[in-house]
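Both complexes shown next keep chain A, but they swap its partner, so chain B is in the first and chain C is in the second.
Now for the complex of A and B:
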């Protein structure tokens, strides 16, 4: 069970991920992403939307698979800037690494 | 072949019948050997010509029939094709255009009743029998004239919601006098329960005030509030409605109490409606003579069952209409929305409550009903309300739990996009895995949690901590069973009133002169309800525009040579007033004889069945015609 944290998405704005709630979970980014890996990056964006911090930290190492090719950001129909969200999540993961 | 020809001469034909058999582009001919049917028909005495066509309803098909009539080759027409509900009028009007009487026509349905349900030889055999029967009947058809009745230039609209108001005003603008019957003391209906109308954000109060003002200001419209139709008689063009006006049971006192500012008739009272006239002090009965009746009786909001998503169990669970009202009555400039004295930091809005129910998954209501339809307005209304909250109370976080987002009309998809921009978070559930609302046992001081298997999170179970749960309740039809019984109206399996044809005749009921407007027919938003209302107004104006109405002449007729005035038929008659015994002079003697009032007769034939003298018959459906049909159906050689 993942417990939702209603304030998390706003906290993440500090880390540079400010459009995450525009994402409507279409999965285009996951389809275009060359990694073809378990719904990446949508899955991480979804955890961010819900504020499922534990899930993000559990899967944090996956964030470093990202090539920053920018394809997802180019194709996202909602301009949610998924590439930037991944970067933001990396910053968040680094900032919280020791504490977790 | 040759002895068939002698048959033709020895059995004198009553009419020269033309039989026209349709392939329906394969729909019929894939299963019925159409040419074989034609050959069989050619052998039937009385049949002058039998022809086939790929599409009889096409222009060339109709032209063929018209040519035969014009040249005098035939004087009775049988078309064997699809169901008469589709094209009977098409062929009757072709006959009229050829200068003949449209009632010399008989229809055989060999598509729905044959090719769609039977195959092989049996299909052809059944088609032959049905067409032969129609042919036998057609021989005995006689030209008839429609019954023409003067139509009262008056329309009665039942229901004073937005749809009823729109219909009344549009008709008055056409110069038709209108009576508007509303059961409550208010005009405006359900939108008086709303604040902003999605998708445009128009204030509901302004919309009601504007239209109700126009209606009340129109001398052609008489408004009766606190009124119900109690009796209903007559037929299109000439209905008589018995209306009872009574002071509302409890509302009188409530009315004065909600009147702190000394509100007077002619004002909009929030969450009540437009208050057009003082409430009647005592009961009053009136009789309204009218030509057309428009039903605009609207809907009621679904009330969740106790325990449905925690409703009525947890005070923090309310419906969308309740939320709208509380918000309107407690506007603040705080950072957080406050509901019933509690700051709302986080709230969940659950879609499709009481709508799109699935037997086997959702429980039925106490009468065994399911609301299987989509209520169509709740997605937009919920998104719009969420947007308002996020903009006015940024401290309140919103989670919307949906099955599908159905923002189907112009300007509505934008509401969905706008909600995301306003940082509303969406979760999606499957129909058979509805969210659960539970008490929070944690110490995070949110009183409730909404637990859901979230499709967007790959089916993971997610718990949302909330201060408030709002249920997006849908629509249910108002209970109008009294009107339904009185007027003999069809009701769909969804319990909304059912139109004649969803595409071609969307605001008409099969009962002549009764029309539909707005959400008594199906869930609609305000714009759609007004479109339907305007359509009903036009249909009413068209019905009355000629000054008279024409009724089908398939009614009883008395043969005065045979009638002996026993009165058995009068007793058997199902519609009071349709059949009476009257005094008349026959052979210098005063006697009693049966007399039909054509406009009231249903053509049901109950009278025919009891007359020992065979003195009463239904035009277009005489006993002789039935006998001829039965004879030919059982006579194997005719159809071999």
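Now for the complex of A and C:
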């Protein structure tokens, strides 16, 4: 069971992901992503919106599959900047590893 | 897939100690300028960011990574951080074929010929030419990136540099967008192909231009090389995904997952080859990676330099 934290999206702003709540999970990013891999990056963005930190850290390695190519950001209908969200989550994961 | 945490720790430690991701002394990897005649003073500094110089080492190290990915040996990568940086870097430098280093050095020498032919007032000083730190940024190690970027920006400011000529999309993006944002230091940044100022008719007639993500999408510069080539009598054949919607070659994933990187590479190569004209790359990472597919690929600077001859 994942613990939900509604304030997490705000916490993520200091890691550069400040538009995550704009996302309405349409899946355009997952469809255009060259990885074509299990709803990436949509699933990670959903975890962020819910504040499911444990899920993010359990699956953190998956974040580095992202090529930072920017196609998701280019095509996002909500201007939620999925590419920057993934980069922000990488920064969050690195900060957590360094603290532990 | 390799552990991102281990790879980031190794790369960050190398950049911290040697100012480059491979842990090798700069004099070993940045030697191209010794065979080029360039002024040491001028209007704009040619800033290579060492990316073209790194490609032979990237190719060599990813060949090893490919062998051990998803095997029990992959876990031993973490112990690489206990090997002294200079020792690992020197080892890699010795294992990398001189022929490959020479080939990528020639690309930079071609760029100086293009700038000279275009009558650009530029200069080069190897002590000012540093790695931008872009890989740390892409990997999410923001703290290490900012620390390194501040070092590079301060060095350039101390030398009184105001204008930079860049040669690759990653360094261009770092200096143009990230440095002002994260270090507070701004420079006027131009890519070498924005400065091409001559016409000719010596090259291919038609080429397939692979837009790198950073020129195509992040910096929106795709129309510039197309116009430069048109002035040289070369037509760019339309590619299914280009400009703002260009497809990644897969190169950025090489250090974490060579397997994934190859999957993406094959899809992009098919798109480029279906256009039916020689493939031209304008990013060192794309060039090195696209060549792995077996396709014939040439750097944009080599094509322009041939026209300049």
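Convention: the second predicted complex is superposed on the first by the 97 of 100 C-alpha atoms of A that agree within 3 Å, B and C clash if a C-alpha of one lies under 4 Å from a C-alpha of the other, contacts with A are read in each partner's own complex, and residues count from 1 in each chain.
We take it that a contact is a pair of C-beta atoms (placed from the backbone, for glycine too) under 8 Å apart; a residue touches a chain by one contact, two chains touch by 3 or more.
Everything numeric here is computed off the predicted structure, so don't read it as measured data.
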Query raised in the report: With both structures lined up on chain A, is it a clash or a fit for chain B and chain C?
Result: fit
Query raised in the report: Which partner does A:93 contact after superposing on A: first (chain B), second (chain C), both, neither?
Result: second
Query raised in the report: Who does A:70 touch here: chain B (first), chain C (second), both, or neither?
Result: second
Query raised in the report: Which of the two partners, first being chain B and second being chain C, lies in contact with A:57: first, second, both, or neither?
Result: neither
Query raised in the report: Can A:7 be said to touch chain B (first), chain C (second), both, or neither?
Result: first
Query raised in the report: Given the touch rule stated above, what does A:43 touch, chain B (first), chain C (second), both, or neither?
Result: first
Report summary line: Overlay on A puts the nearest Cα atoms of chain B and chain C apart, in Å, by 24
Query - chain B/chain C common contact set on chain A - result: none
Query raised in the report: Hey, which residues of chain B end up touching chain A in the complex?
Result: 345-346, 397, 399, 417, 420-421, 423-427, 451, 454, 456-458, 460-465
Report task. Sort out for me which residues of chain A touch chain B in the complex. Result -> 1-4, 6-7, 9-10, 21-25, 39, 43, 46-47, 49-50, 52, 78
Query raised in the report: Along chain A, where are the residues that touch chain C in the complex?
Result: 15-16, 34-35, 60-61, 63-65, 67-71, 74-75, 87, 89-91, 93-94, 97-98
Report task. Over in the complex, which chain C residues touch chain A? Could you list them? Result -> 1, 3-5, 8, 138-143, 213, 217-218, 244-245, 247-248, 250, 252-253, 256-257, 260, 264, 267
